[in-house]
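Which chain is which? They are A, B, C and D, in the order written, and residues in each are numbered from 1.
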């Protein structure tokens, strides 16, 4: 979380890679340290980016239902999770709250919207599900939010980076989607699938469900896309 | 949801039973219609009552992880829920939003705090888990909220009604509790178990996890406790 | 189960298709009725075929652990199968016992080895797992059985039918395989995966674990392969 | 497995405790080593005992579906067992095969019937399910086997030992029982529940399903009952 170490989710804050220049100057090295977001943050920030761009963010409340694979191997004991929910993942909420504001912020400083996360482990193999409640700066009708998400493209798509999914945010219109077992492999695991975009009565904003593959968008796939992004900019 | 039909969660709004008098007058009958809250609402409102009483409620955001038994039998197909989450339960969010304000309101009218719910079905047999984010009217320190919950008693306890749990809200201090498999039978399924009470950075309020047995507190047990409450007041 | 209606698992009893000729003569029609084996039988008979061919069969005891998708949709209720086993599937054992002898028998009559099945439903989405105990006619060393299975090819492979898997029986040497989640899609779901081939102390025969995809080898995929087989023989 | 160390499942081979006398003589000590059967063996041998007593045993084939708690804590990783079966438990089959013959044998030597086990881990929290196929010495009609099981009592029942279940083997007549989630706590976890007793076409014997609580009958409860048995005989 150092100021000169970019934390990058390529479709969200590609421009933060420019911190590498400063990092090299300051640290007097040729290499570069770039970090991957936490898996829950990766899914959340990608779904929030089109909203941030079109409507602005004031507050984000997020309740996650995280897959067992997010805990690594052997990770969660089956005795702890069959027929059960664990409403705690060590340091996860703090990371999500901090990283979301950093990734969706400026190169030089975190955004100042507020974020509150509640993180839960569920008996699902792969795919983090997130219930997201958003207070926007400008009025945001669900259909406009859906449109902004469905049409969203960023540098990785424009540069046609090999690991970039054609559609970073896929919007489903069925009332009972997205579901992790059926949607986690969308875009080879690099897309985030969003559904149930509806008006939120607390924030006069919107709420929605998002799912992303924690092992791909949330881990290895994201790391590869970062490397491809760095290469496209001549950093490696 | 008729104005003269009480919707009762006995520890929360025992006084709403007085609507029976009006109902009898208006409808010219001797019987009485009293309704049970929705199972998710029953758990939520019981956990909110001590907060409402001590700190006041301005906004409530709730994300549920609901057990399969809540859908009745045969209910959720195993093919739909093994290794999966379904982020939709028909009419559930509307019910929770409406009923919570009615139960925590005055006899004659619903409370005017705002409620937003997002409801999800998870691969758990019994016990609804709820992530709750609360904006309070007065500042609410987590330890004070915990105290107000742990000490909370209401008419069913004072009247020592047979089905009333000794402690309606049980507060756990472990960082990874409550969990449905281990906590759903607390108070023979009539208690709500709360944990992880912590400061909420969005609302400057608090957030916590709550679990209750959807088949007991959320259904049959609550109905019996309503009957016992009615009997204690001479309505039956 | 009529005598002139072939019950066909193409790699096992391709020659039974010749019953169509008799069926057409007897029933005076141009069409043909050919039936698909039960999903559990499809997996079992494919794994038994190389043993039958090389060592002969005297007795087969099979205990299945069958996936929820075998019951169709909505099929098994989640309340019945989460954290549970159901040791009964209607008519299944009778079908497996009868069909296995028919498929591994001659065109004109069932084989006379004995078969006993015990069928159980388990909390698995796709893929039937079978524990098989076999009394062979000739001595059968585990390594020889493994070799006969791994090298097994039949008409569908020789004819290079589109749906025929390159290797109908895949033998795994790891001590904890096959496992349904990891092995059910072998050969696009058309292969049966076998492991743990070892000496059986009751029969002085062998025992092993087999897994096959009940929705592919055990249903739609098998039906397509039957159609391709019929076409290759000019029946359609 | 030493010859002078009794391996005791109290209802099955209470008389093996007399080995303690020999053990003390030989080893010149006052204490005593008595061992608990493996959890799978404990369930199997208790269900077999009435059959052994009334009909004699020639062969036993057993395929287990074992709960995750049998592996201790943390034991089986959730990533390994959700939507999956593991057809291997280290050393388990060898133990079941050896211990079953020892427990159902004479004090001085193991029985000489044959046993073959195939052991599988399934996504169940508690309760081992076993599919058992038995060749008996005398003809055994299912209804007679059921009667012998339902009426079975042994020394722990006659001595009214505190941990002894009133009925060691409970026979269910429903066609889809026993099931681990519903039957594992029978007799406070000390009873074995048996169902689906039917004729076996391979052995001209019988087959059935049995369930027992691996953590009670298969572990702690059995150990306590052994201690109570020893005390009743003056060994401690």
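Basically, a residue touches a chain if its C-beta (ideal position, glycine included) is under 8 Å from a C-beta of that chain, and two chains touch if they have at least 3 such contacts.
Quantities reported herein were computed from a predicted structural model and do not represent experimental measurements.
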Remotest chain, chain A as reference, centres from CA atoms: D
Fraction-based call for chain C against chain B, same above half, different below: same
Distance between chain centroids, defined by C-alpha means - chain B, chain C (Å): 52
Distance between chain centroids, defined by C-alpha means - chain B, chain D (Å): 45
Residues of chain A touching at least two other chains: 82-83, 123-125, 181
Touching residues on chain B, where the partner in the complex is chain D: 82-83, 125, 181
Residue numbers on chain A that touch chain B, as the complex places them: 59-61, 63, 65, 83-88, 97, 114-116, 118, 120, 122-125, 129, 131, 133, 175-182, 195-196, 200-203, 207, 209
Residues of chain A defined as touching chain D within the complex: 68-69, 73-83, 123-125
